[in-house]
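In what comes next, chain A is part of two complexes: it sits with chain B in the first one and with chain C in the second one.
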Partner chain A sequence: MQLFDFLTDPVLRGPTIGTMLMAVSASLIGVLLFVRKRSLIAETLSHATYPGVMIAAACGVEHLSIWILVAAFIAAILGYQTVELLQQRFRVRTDVALTFVLASFFGVGVTIASIVQHTHTSAYRQVQTYLFGQAATMSDHHIVIYSLLSLLVISLLMLFFRPLFAATFDKSFSRVVGLGNKGIEILFLLLVALSVVIGIKSVGVVLLSAMFIAPATAARQYTNKLSTMFVLAAAFGASSGFLGSYLSVVLSKPHLSLPIGPMIAIVASGFALISLAIARMRRVFYESLQRS
Partner chain B sequence: MENIALKLNSLDVFYEKIPVLQKLSMEVKAGELVAIVGPNGAGKSTLLKAVLGLVKKARGSITIFGQPVKKVRARIAYVPQCESVDWDFPITVFDLVLMGCFKRNRFRLWASRSEKQEVYKALEEVGMEAFLDRQISQLSCGQRQRAFLARALVQKADIYFLDEPFAGIDAASAKQVLQTLHTLRDNGKTLLVVHHDLESVSTDFDAVILINKQLIGYGPTKEMFTPDLIKQTYATV
Partner chain C sequence: MNPYSDLNLFSFFGTFFKRLLLAFPGGFASDELQLLLLVGVALSGGLVGTFLVLRRMTMLANALSHTILFGIVVAFLLLSRGFGPLDIPVLMVSSLLCGLLTTFCTNFLARYMKLQEDASIGLVFTLFFALGVLLITLYTRNVHVGTELVIGNTDALQLNDLGLVYSVLLGNVILFVLFYRAFAVTAFDSYMARVAGFSPLLFNYLLMVQTSLTSITTFRAVGVLMLLAFLTAPVLIARSWTDRLGRLLLLSGAIGALAAILGVALSRHILTFYGLGISTGGLIVCLLVLFYMLSLTFHSLKIRLST
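Let's turn to the complex of A and B:
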């Protein structure tokens, strides 16, 4: 099988292009989270979508329906609002608030899942794949939805690059000059929630945060410029999506099926590890140059 | 041109119910280089932050050039304290200074040619043109302050607020910064500078605001910098 077939073959192109789009939007937003030192948000929000997905299943929504995405989106926003509420009203520390929301929302999701399992067995079977993702069932219909959503994420990011940059690096500056702080925070949340929702279908709730963290971590090792970091992270993300899909098909044997989601997470983490190792070798090299 | 740059009317600011600034009233003349002087915890930084809307005021009114702060944001530049920024952030000196253009051209993705020119010019003015592509963590404290000052220059503001721009910086940087501040003043800009070094206030600044939670005095440096008033400022309230 040729590499190029993965982008054209009617069976393969759905999962491959779908996961690549997912990976690009997750990696781009991952850069924002990385420089804000809030990478855990992705982990929390992806888990927070699970009760949303399950409630949608309990309402009898088909697993291909866009309503699953809407329910997941609402659940992610609710999860984020709960984090904010805990931090601001109840003075809970950020890491505690994030972990608390992750566990409690996911717990509710799993509980609803065990109820739905008996009441809506077929819907449950389809929807529980959101846990670890099931890219293989993505069709052209998905590509359209995912392309539109990813395009939305990318264009919002490009349009609001400067205000987002300023608000992320120097909040007081952006407030003083009036670059719209509240609006930017809402946009930030919208982008994170959107990219999480895009990701859960292919990589799944549990592994999704790898796609937010790994490409950004890898990209950071090669540049000191935020704009370059975005481009590199998107490239790492897209390659992880493609290679993950490729390896999952090529390495699978008749008695062994390797799902796409975990493969993508492994490839992305591999990129990050190699990049960290290269950065370390470079540091050691320069230090030895300075000493001699 | 407006004569009064900043007007405070019985301004009160609290941190968690503890009063930090009380009944501050004053009118700062435009076109002056003003030092804000007072002991640690006197509320100098808080005064700047309250004026800029970064901390909430409890009572009182603040106007800049006769208008509420919200309406004149495009005319305000702020140089924060050295420690208040994440130095590991992937940002070069160029990008930092470019940020001064963001308010004017907020939806642009890449720097235009004229924006680049402005950035180069500002960096030259503070003597930082050689550090264009440096990541900010690889700068000394003095170089950082100069880079932030360059960003303020690019903003083309009319009133500048600087929070301890001379803290912990080398002599060469201090000289450069002071020179830039004087140039701005000579071009009719108003500058309010939180300052620690009492010795240099009388030689380098036109006017001084003495505060210790309350206003001790505001006026030309020569009149305000008397042993009595300084003693009063640094006395524990």
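Let's turn to the complex of A and C:
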């Protein structure tokens, strides 16, 4: 099978393109999180979607995969707001707030899951794949939804690049210029929640944060400019999405199907580690030049 | 025949204390096994969690709860025994390995690769977890083990697990009693700790090893992610009631244990009356969240009334 058949073959193009779009939007938002030093919020929010996914399954509605998107989106926003509330109102430190929200939302999800398991067994089986991700069942119909959502993330990001840039690096400046911090924070929250929701289908709740952290880490090693970092991260994200789905199909055998989520996470982390090593070598090289 | 079948919340405790006085005739019933095990996990979690929260290391604990899968898989492959029942030495070795490896890699990335802390934690655990899931899929041909690791399965407990949980608890208690001062100083003031001759890094590693040993005990009972609730929620609740370290330790252990006991009884109650087999681990997390909300409401009411 040729490498580029993955983009054209009617069975394979769904998972591959869907995964790549997911990876691009996750990596772009990952850059925003990275420069704010809040990368781990992605980990918390992806776990926080689990109760939403389970509630959607419990409702037993038609078009389950769309309702899951909606419910997961609401759950992610609730999770984010809980973290903010704990930090600002109750003076809980960031790491504890993140861990607590992660564990409590996930625990509530597990409780609901144990009920759904008995009441809606088939829906439960279907949504349980969201834990580790399952891109193989994505059809052209999914691609349309996911590309629309990813396009929404990308265009919002491009449209509001300046205010987001200002709010990230210089809060007082952006206040002086009259860019409402409140509005930007809401936009930020929407972007993060949206990209998390896009990701849980293909990479899964448990490993999604890799897609937010690894491409941004890799991109950061080559540039200091935010715009370049976005472009590089998107490139790293897209290629890990493609290579991940390629490897998971190629390495699978008839009685053994490799989950796509871990595959993508490994490829993306591989890119990040190689980039870190290159940056380290470059640093050592320049230091030795300076010394001589 | 399980003596707890068809009991409600109150008769559950009645039966439990009656059987406790008789020293559990006929061995532990499955509900008792669950209850004792979860109480042990909750006590360990409260103790270790207090220091993790004070030292802002809870996200490292989250990382560990993921990397532990990789540790278990590698230990099995090294011992080449196949994936049979998980025996205790294997679990111990793998969890030790994991605690050290996770801490080392995170420190390495942060210090030598100049990567910011949140990203180094995230990068390390997602990579190890992904490798773990992949290895499990390759060697057992399903991801079920992974799911069970994350969510836990209280029905699969054995008497051995109980021994493991309580020996880890004992180990934790002994370490904290022996090095109480050192732990306290490193938790509050790492500069002072260095002056006093305690290496904060050494205690970081020690704390991470304790966390990984504690999480290995939860592997079967509640799943590693649920442990995070035991590590953070009781400490957050206790923190709003006391400022003293000793009381914080005792109180968080007690709150965790209370949630564990109520959780087991409540899940039996729900099974009796509604015929629903709810996940005990999940129920306990829900209870902990409820406790925290009650505690927060109480405190905001108190502040509002006093002003």
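Criterion: the second predicted complex is superposed on the first by the 287 of 292 C-alpha atoms of A that agree within 3 Å, B and C clash if a C-alpha of one lies under 4 Å from a C-alpha of the other, contacts with A are read in each partner's own complex, and residues count from 1 in each chain.
In the analysis below, contacts are C-beta pairs under 8 Å (C-beta built on N, C-alpha and C of every residue); 3 or more make two chains touch, one makes a residue touch a chain.
These numbers were taken from a predicted model, which means no experiment stands behind them.
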item: First (chain B), second (chain C), both or neither touched by A:285; value: neither
item: Chain B versus chain C as contact partner of A:169, first or second or both or neither; value: first
item: Touched partner set for A:265, first chain B, second chain C, both or neither; value: second
item: A:224 touches, of chain B and chain C: first, second, both or neither?; value: first
item: First, second, both or neither for A:159, with chain B first and chain C second; value: first
item: Chain B or chain C, by number of chain A residues touched; value: C
item: Chain B and chain C contact sites that coincide on chain A, given as residue numbers; value: 37
item: Sites on chain C touched by chain A in the complex; value: 53, 56-59, 61-62, 66, 109, 112-119, 121-123, 126-127, 129-131, 133-134, 137-138, 141, 143, 146-147, 150-151, 223, 225-226, 228-229, 231-233, 235-236, 276-279, 281-286, 288-289, 292, 296
item: Contact set on chain A toward chain C in their complex; value: 34, 37-40, 42-43, 47, 90, 92-93, 95-96, 98-100, 102-104, 106-115, 118, 128, 131-132, 206-207, 209-210, 212-214, 216-217, 255-256, 258-259, 261-263, 265-266, 269, 272-273, 276-277, 279-280, 283
item: Partner chain A, residues of chain B touching it in the complex; value: 49, 52-54, 70, 73-74, 76-78, 80, 84-86, 89-92, 95-96, 99, 102-103, 105-109, 135, 151, 155
item: Chain B contact footprint on chain A (complex, rising order); value: 35, 37, 158-163, 165-166, 168-170, 172-179, 220, 223-227, 229
